[in-house]
Structure formats: C-alpha cells, structure tokens
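Here come two complexes built around subunit A, the first alongside subunit B, the second alongside subunit C.
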Partner chain A sequence: MKFDLRQNALNIVIWVLLITMPAWMNAIGGYTQLGTQVVIMGLAAMALNFLLGHTGVLSFGHAAYFGLGAYGVGMTIRYLDASTPLGLLVGVLAGAVAAALIGPLIVRRRGVYFAMVTIAFGQVFYFIAVRWNTVTGGDDGLTNWHRQNIDLGLFKINIMDSAIHFYYFALVIFALAVGLMASILHSPFGRTLIAIRENERRTRFIGINVNFHIWMSWLVSCTFMALAGALFALQNNFVDPHSLYWTQSGIFVIMCVLGGMRSFWGPLVGAAIYVVLQDYLSSLVSDYWQFFIGLVFVAVVLFFPRGVMGMLRRRAVE
Partner chain B sequence: MTQLILFNVANGLIIGAFYALMAIGLSLIMSLSDVINFAHGGFLTVGAYLAYTLAPYVGFWGGLVLAPIFTAIIGLIVEKFLISRVYGRDPLYSLLLTFGLAFMFEDGSRFIWGAQSVPYQVPGWLMQPLSLNYFFLTGYRMFMVALVAIAVGGLFWIMSKTRLGLRIRAGTLDLETVSVLGVNVRILRNLNFGIGIYLAGLAGVLAAGQLGLQPTIGGSVLMPSFVAIIIGGLGSLTGTLLGGLLIGVASGMTAVFWPPASEAVIYVMMALVLLVRPQGLLGEEGRF
Partner chain C sequence: MSFLKVENVSRHFGNLVAVDGVSMTVEPGECRAVIGPNGAGKTTFFNLITGMLGLTTGRVLLEDKDLAGIDPTHRVKLGMARTFQITEIFPELTVSENIRIPVETAAGLSMKARMSASQRSGVRQRIDQLLEEGGLSRIAHRYAGELSHGDQRATEIMMALALNPRLLLLDEPTAGMGDDETHAVARLIKRIHRESRMTIVLIEHDMRVVFNLADKITVLAEGRPLAEGTPAEITANAKVQAAYLGGAA
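Up next is the complex of A and B:
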C-alpha cells in the first residue's frame, strides 16, 4: 500500500502543477504559451513512450504522425470548414489511418532495423508536404488559417485570443488522452504489451500474437501522436514541414529518455526540460542551438541514461 | 525526349553511386556493431569541407586522397571515445548518441565554414563534356563513377581476400565466437567503423565537386541511404550497392515524368519491397 500512496502523491503533484501553471509560469520567467508547449510536447512524448517505453519497440519515425495530425487540422480549417473540433478529428484520423496502413509492413522488424524502417517511412510524408506546394504551402508551411472558438452551447471557449483559454483547452485534451493511455496500459492488453517488452520470446510461447500486439500498440501510439501534432498546429496557427522531418523524430525520443522511459510521467518531465532548454538556447545562441541540443543528446546517453525519473526512483529505492 | 531520359538515368546512376557509397559504410557498421550511424551524413559533410580546406595547399588530387583519410581518422577517434562506450547497451542509446553527433556535425560545419554554399574547384579538363550530343556526360561524372567502382571493388576485395575482411564478415555472423577465437573485437569494430567513415568521406569529396558545398549536404543523403539498405537487404553488400543504384535511377526517371514525386518514389519502392520481399532483394530471411 505504501508504494501505491507514493504513486498517487506523484500524480497529485503533477496535476496540481499543470492546473496552476498559468498562475506561476510568469513569476518564474516563463510565459503561458511556453506552458502550453510543454503540455503538447509532453503528450507527444508520452504517446511515443507508449511504444518505446511500455512496449519496448524502438520507433524513430514518430514525427511523421505528429506532422500528419498538424497538416490534418490545418488543411481542414483552411479548405473544408472553419471548425476546431472537426479539424482535430481529421488530424487524428489522418495519423491513425497512415499508421494502420504502414504498421503491417514494419511489425516484423525488430531493434535497430525497426528504427531504420520507421524513420525512413516518415520521410514520405515530409516530401509530400514539401513538394505538393499548391495545397500544403510547400517549404513555407501551411499558413492563412486560424484556430476557431469552440461553441459549447452554454458557453464559448475563446481559444482564438486568450492564451490562457487555449492552455486549458489543451490541458483538458491532454488529460483525456493521458487518462485513456493509462487505462489502456492497465488493461489486459496493456499488460501484454509490457510482457512483450520484458520478454518477447516467452510472450510468444504462451500463444500471444506478438506482431499483432505491436501493430496495435503502434496504432495507439501514432494516433495520440497525431492528436499532439494537431494541438501543436492549433497553437501556432501554422504548420511547418520541418515538424515531420526525421530530426524531429529523434527529438521526441530524447524527450522520453531525458525524462525516463520506464516511468509513466517521465516523458512529460523530459518534454518540459527540452522545451524550456530549447527556448533558452535559441534565444542565447540563435544560429547554433542545434549544436548544443546535440551535446545534450550525447550527455544524456553517457551520463543520464535512466533519465530524471529513473534517477529519482533509484535514489528513493536506495 | 530520349536525351532527357538518358540525361536523367545518367544523373540517377551518379546520385545512386553516392547513396551506395554511403549505404555500404552504414551497412558495414550496422552489421558488425548493431549501431545505426545517424552521424554518417555528418562525416560526409566533414569530408567534403576538409577537401575544400585542403585544396589550396595540396590541390584537388591531394584533397581527394587526404580528405577521406582524415575523415576516417576522426571516425576512429569518435568510435573509440564515444560510440564504443554504448556497445552492449540497449541499441536505443547508440542511436541517440549518433543522432546527437549528427546535430553537432551539421551545426559545427555551419559554424566553421559558414551557412552559405561555397564552390569547390575541380580541374577544368575534367569538367569538359565528352560529346556535344551528350553534354551531361562530363569527364568529372565519368571519373566519379569510376572512382566509386574502384572504391567498392577495393572494399569487396578487402572483404573477401584479406584477414581483416574475413574477420569482419565472421564477426557479423557471430561476434562472440570470433572473440573467443582470439580476435580483438574492440579493434575489429574500430577498424570496421573507420572503413565505413572512409567511404563517407570519399562520397563527401565527390559530392563537393558535383553538388557544391553546404552544411546540409550530408543530412540529405542519409535517408536515401537507409532506403538503399532496406531495399538491397541488410547484411548483403552487393544488395546495398544494387539498392543504391536502383533508387538513384528510379528517382532520376521519375524526375522526367513527374518531377514532384522524384524524392517520394524511393519510399514507395521501399514499401513495395517490404511488402513483397521483407528481407530485401538480396537479404537473408531471419537475420533481422
């Protein structure tokens, strides 16, 4: 029971921090949009970690599904119907359909080969986004659209002008998505995924169709990734084709590792560190911030392979 | 039209030769060390800029000889002090390590040599077209293809005839046994990495003459090299060579008929190969 209590304490701390973020963000030198970015990138990293940390499959191509969600929402609002919920739906569906189709081609691969195939596949979407410029805006990105207010009948959420409203809008979606992921992980299906991570061969021997489970895990992971991408586009009112370039995929992975892959909240912590660090570095050394991000990658691998949460947990155990 | 097609096929073969040169190095490292070297493109960039920096002192030919060797030495050092530390750990860490190095190489080159593309001088007589009708067949392009052929031929000779090559091939199949038989696996992996990086450096020098120099040059050929490996079949160097040439030509042909798809087409080919023959054209089933 004691262990359970500690888990809950962590949950409470995280939720209290997230809910009160706009109140203290300015005081520590940040701004509300930065908080929103943490929440969105946190969702993306947690979605990736569903596959990476909880199923133990090395995926390196998740930026593609992030970008599909982003283009889905942007193109829907620009060309189809100026509705934020419809845009989100289309964005998520775009990511899910692509993941469902690509899944069967890749689930038989393992280890570094899986990583290579996923990252290479992601490039298709990048080139479509860059070359189909009459529709996607090409290299300049998708502009000339704006997120729309949401009319709930009783009241309106003014996400167009108010950064705080948009923060809470993103947080509610984040909460729903994270809650759903947690309950999937606690279901028999989720336990099977963890069994695959721990020992794939034994899981196979008890008669579980491992490839099918990995395919489903991939699908869940990419769908939530698309949701995060859609939110990211809504936040910026802009879609940058670089959000689906292969380097972005690596950034999502480093967020997971930085925070701790074996912890449920680890990726959120990693995303927070990464987003704040990037914000700071890009204002400090505008042109060469990528060099320092690369340095962070190397340092994390050599010195903090367990991530922040892994180190905290280890200390707690000792 | 015929000329246009010929032009693009020739172009595709040359680009494909680059891809192959990159992909063979990547494949060597991946087979023996289980590391995807995301920094491979970064080494190409370094090779290209080293040739540019050396050219005023040693000339084009000196640069062609020295730049890949210097790049390989940098590769040996990077392997020794960074990459070798993550062997035997979760493969995730080696990927992140080389990913970080890729960022550092790209921005590092931008810092040292500038973001603007700089021209790289190739001897004038090499740039002459060989024939007026086929203006695109310059001496330099023929020379590049010949050099790639020599490099790949040399590598195949090393792999099949020398003791080092034999050990690398054996290590690819069963590293533990090779180690038990008294081969120093650390040195073997180090040398193997160096060979791979030498090829990347050579590709860099050749690319400098053909495409001009900019810091992003390496990153842009990395993904097609992955595709070449996947199409050709991991573990088969001949397959990787074939894969590289194949996607180069396919990309060139697509540029004739539907230019916007010229980059995306190779990924469609990859999807088809994975669907019909998951192990790749010349790969063996069950290795990965």
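Up next is the complex of A and C:
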C-alpha cells in the first residue's frame, strides 16, 4: 500500500511537470521544442523498455521501427495525401506490420543473439532508406513536406506554426500511448511478460507459450516505437536514414539504462537527461558532446546500475 | 487405466547414458518416490517425463495418450506441474505475485489485457487460499528472492499447485533444508496428497520423508531401474540395501 502511494505521487509529479512544461521551460533556459523532443524521445524509450525492462529482452534494432514510423508519415504526406492523421496511421502501421512479420523469425533467440538479429534486420531498413534515394531522398533525407494542421471540425489545431500547439498535440498522443502501455503491464498478460523477465524456465513450466508472448511484447513495443518515430518526423518536417541506423537504437538503450529499466517512468527520465544534455553540451563543446554523454553513461552504470529512478527509489526506501 | 506410464525410456548425452531403459507405471492418486544416489539419472528422468529433454528411446503416456512431440508448455496444459531441484521462482516479485501468475494462467487469463470484477475477485480468493494452505500468508508481501530456502521451496510448490495439476512432480523438495523445514514441507505434501488425491511423483533423498509419503518407490542406480515396490519391499530388498540404503544409512 505504501508503495502504491509513492507510485501515485510520482505519477502526479510527472504529469504536472509535463502538462505545465511550456510555462516554465523558457524560464529555466530551455525552449518549447526541447520539451517536445523530451516527450517524443521519452515515448520511444518507454516503448523500447516495454520489451527491454518489462519483458527482459534486449533489442538493438528498435531504430528501424522508429525510422519506419518516421518515413511512413513523411512519405504519406509528401506523396499520398497532405494529412497528419493519415500520415501517423501509415507510419504506425508500417512499423507494426514489419514487426509482426519479423517477430516470428527472431523470438526463438535469446540474449545477445536476439540483439544481433535485431541489429541485422534493422540495418536492412537502413540500407533501403539510403539506396532507394529516388523515393526516400537517400542520404540527404526526405524533404519538401510539412506537417499539416488538424481540423477537428469545430476548431483547428495549429500545429504547423505554433510550437505550443505541437507540444500539446505530441503530449496527448504520448499520454494515450503511455496509458495503454501501463494498462497492459497491469493486466494478466502484462504479468506474463514480467514473469518471462524474472524466470523464463518457470514461466514455461507454468504453461505460458514464452515465444508467443515475447512476439506480442515485441509487437507492442515496436508499434509504439513507430508512433514515436512518426512524431519525431512531424516535429522536424524531415527524416533521414540516421533515425534508423543502429547507433540510434543504442541511444534508446542508453536512455533506458540512464533512467532505470525497472521503473515505468525511468526511460522518460533517461530521455530527458539525454536530450537536455545533448542540447546543452553541443552548444558548449560542439563535437565533443558525445564524449561527455558517454562519461555520464559510464558513471550511471558504475554507480547507479538501476538508473536514476532506481537510485531515487532506494533513497526513498531508506 | 494407469495414469502415467513410462515405457523403457533412455537418454544419452554423447557417450554418457544418463537414463537407461527405465519403465514406471503410476496409478491415479498414487504418491510415488524415485530414489537413488547422486547422478543416478533421477532429474533427467523427470526432464524426460515433462518434455524438457527429448527421449533417446521409449515412450511417455499420460492416460494412455502418447506425449511424443508435445512440448513442456502443452504438457502443463494436460495437467503436469513440476518443481525443480534448484528452485525456480520469480525473485523480484512478492510471494503473492509469484502465486498470482500461475493462478491467472490456470484461469485462462494469460492473454487477457483486462479482467472483469468477478474474475479479479476469483483470482484474489484463489491466491489467498493457496497462500494459506502453503503457510505463506505471513510473508505474502515479501520479495521471493529474499526468503529463506524453505519458504522459497514452499512458494514454488504452491505455484505448481496453483495450476490445478493432476500430476505433480517434485524434484528433491526438501533438499538443503534443516529438520524443521523438512518436516513442514513433508507435512504440506502429505496434506495435498490426502486432501486432493493428486498423483504425485517425488524425487527425495531423505528416507524419513520417503517412507512417510510414498505408496510405492522406484529405485534408480546409474541410470538403470534397480527395484520397485512398497516401502516395506524396498527396505527388505538386498540389492537396494547393498547399492543404496546401506551406504546412506
């Protein structure tokens, strides 16, 4: 009961901070777009953590699904129909269909072998994005498209010009996605995933089809990843092959580890640290920012193996 | 009709023959003990029955149904549940959550993303009942990984029972326990057997436990069947005396 109380307090703090972000972001030296990036990268990291932290399966190829979402929305708006909702839908479906098809080929692997096949499949999408340049724009990325305002009949959401409108647009989608992930994790199905993380052999001998449940978790994880990727492309009005390169997958893993994989909100915290540090350091030391992020990462792994949230939680218990 | 029928099963690991032509017939409601020195192939024998390992030769039948090609997960659905020589539980979950997962699975909820109010209260009641039966109520909210060895073993047994099995396989349930814990676990198994008439096969080193619980005993040595009979017959068996009981007693 005590723990529930603390979890509720944490939920309230996080949501209040997110909802009021545009009001204080400038005061502390940030800007609204930076907050938007935290929310979008936070969604991506939480999507990865559905598989990594809550099912115990390490993917190193999640950028592929992030990228599929991003190209899905960009190509739809550029070639098909200038509609933001349709673009989002196509982006998410592209990621989900790819994950559904690739899943059965990889769910028998475990540990580092699973990570390696996810990289391999991820790189396939990277090379397609680079080589098919007449359609994707190749290395230069997909340009000449722009997110469109959303017409809800009664009123329009002006996400084209207003950074604040786009922030809240992204936050509403984030809230729906995160709420859905939380409700899955608190269901009997979600508990089977935790069981797999905790002890795969025991789970199998409870009569749970472990590979099938990992496939489901992978599918949920990749689908939300594609949603995050689509939002990312909408924010930038641009997408290039970097967003599906394997190093981007590594960045998502780093966010989860920084924030704490066992904590529901950990990856959001990790994403916030990463995005803010990157923004701050790259203005300060230009090219060397990755070095400093690397130092922070190593320090966290050495001293707080359960990430920032793991450390806070221990403090709270003591 | 016999309940579990194991016919002439063998298992080779390279040149090593871990189980060598063992047969065993267990009647419904029977409590069977499998004994034998370390390395006799007892655990491997369990792994063959539960499908964790493939057979080199032989057949395993549950109620006359040949289990060939049925994986461990589906054997659980046919009513087999087991514990392991080295306890397999969910260490970072509480005892109550450890029990909850098999309870929900047995209720057919493991693919469900939501539960109705009646399902929720049914699950809650079943968890409480199992905690109570296993003497785990007082530690229901402790993390399983922090418990004493004996409490972890009891948790694992209750997780197996949560599946409502018809055949319960226990691999050395009292291994590494002191007298008090051994006694408590033996009493628990005895009560389960008496109250539910569940068919139980257990591997056990402690002869007091074996003679207290078993209707019949199968003795393995070096992978081969050495003897089979009632506790009295096994005590009187000269081969068993020489190979095993003599050495242990």
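Methods note: the second predicted complex is superposed on the first by the 318 of 318 C-alpha atoms of A that agree within 3 Å, B and C clash if a C-alpha of one lies under 4 Å from a C-alpha of the other, contacts with A are read in each partner's own complex, and residues count from 1 in each chain.
Keep this in mind: a residue touches a chain if its C-beta (ideal position, glycine included) is under 8 Å from a C-beta of that chain, and two chains touch if they have at least 3 such contacts.
None of the values given here were measured: they were computed from a predicted structure.
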- prompt: Touching A:A195 in the superposition: subunit B (first), subunit C (second), both, neither?
  reply: second
Field: subunit B versus subunit C as contact partner of A:R131, first or second or both or neither
entry: first
- prompt: Which partner does A:K156 reach: the first (subunit B), the second (subunit C), both, or neither?
  reply: neither
- prompt: Should A:T247 be classified as contacting the first partner (subunit B), the second (subunit C), both, or neither?
  reply: first
- prompt: Given the superposition on chain A, which partner contacts more residues in subunit A: subunit B or subunit C?
  reply: B
Query: Is A:F291 touching the first partner subunit B, the second partner subunit C, both, or neither of them?
result: first
Message: Quick one: is A:R314 in contact with subunit B, with subunit C, with both, or with neither? Answer first, second, both or neither.
response: neither
- request: Show which residues of subunit A lie in contact with subunit B when the two form their complex.
  value: 52, 58, 60, 102, 105-106, 108-113, 115-117, 119-121, 123-124, 127-128, 131-132, 246-247, 250, 253-254, 257, 287-288, 290-291, 293-298, 300-302, 305
Field: Residues on subunit A engaged by subunit C in the complex (per definition of touch)
entry: 183-184, 187-192, 194-195, 198-199, 201-210, 213, 262
Field: Footprint of subunit A on subunit B - complex, ascending
entry: 30, 34-36, 38, 82, 85-86, 89, 91-97, 99-108, 110-111, 115, 219, 223, 226-227, 229-230, 234, 260-261, 263-264, 267-268, 270-271, 274-275, 278, 288
- prompt: Hey, which residues of subunit C end up touching subunit A in the complex?
  reply: 50, 72-74, 76-77, 81-82, 84, 88-93, 97, 100-102, 104-106, 109-115, 159, 163
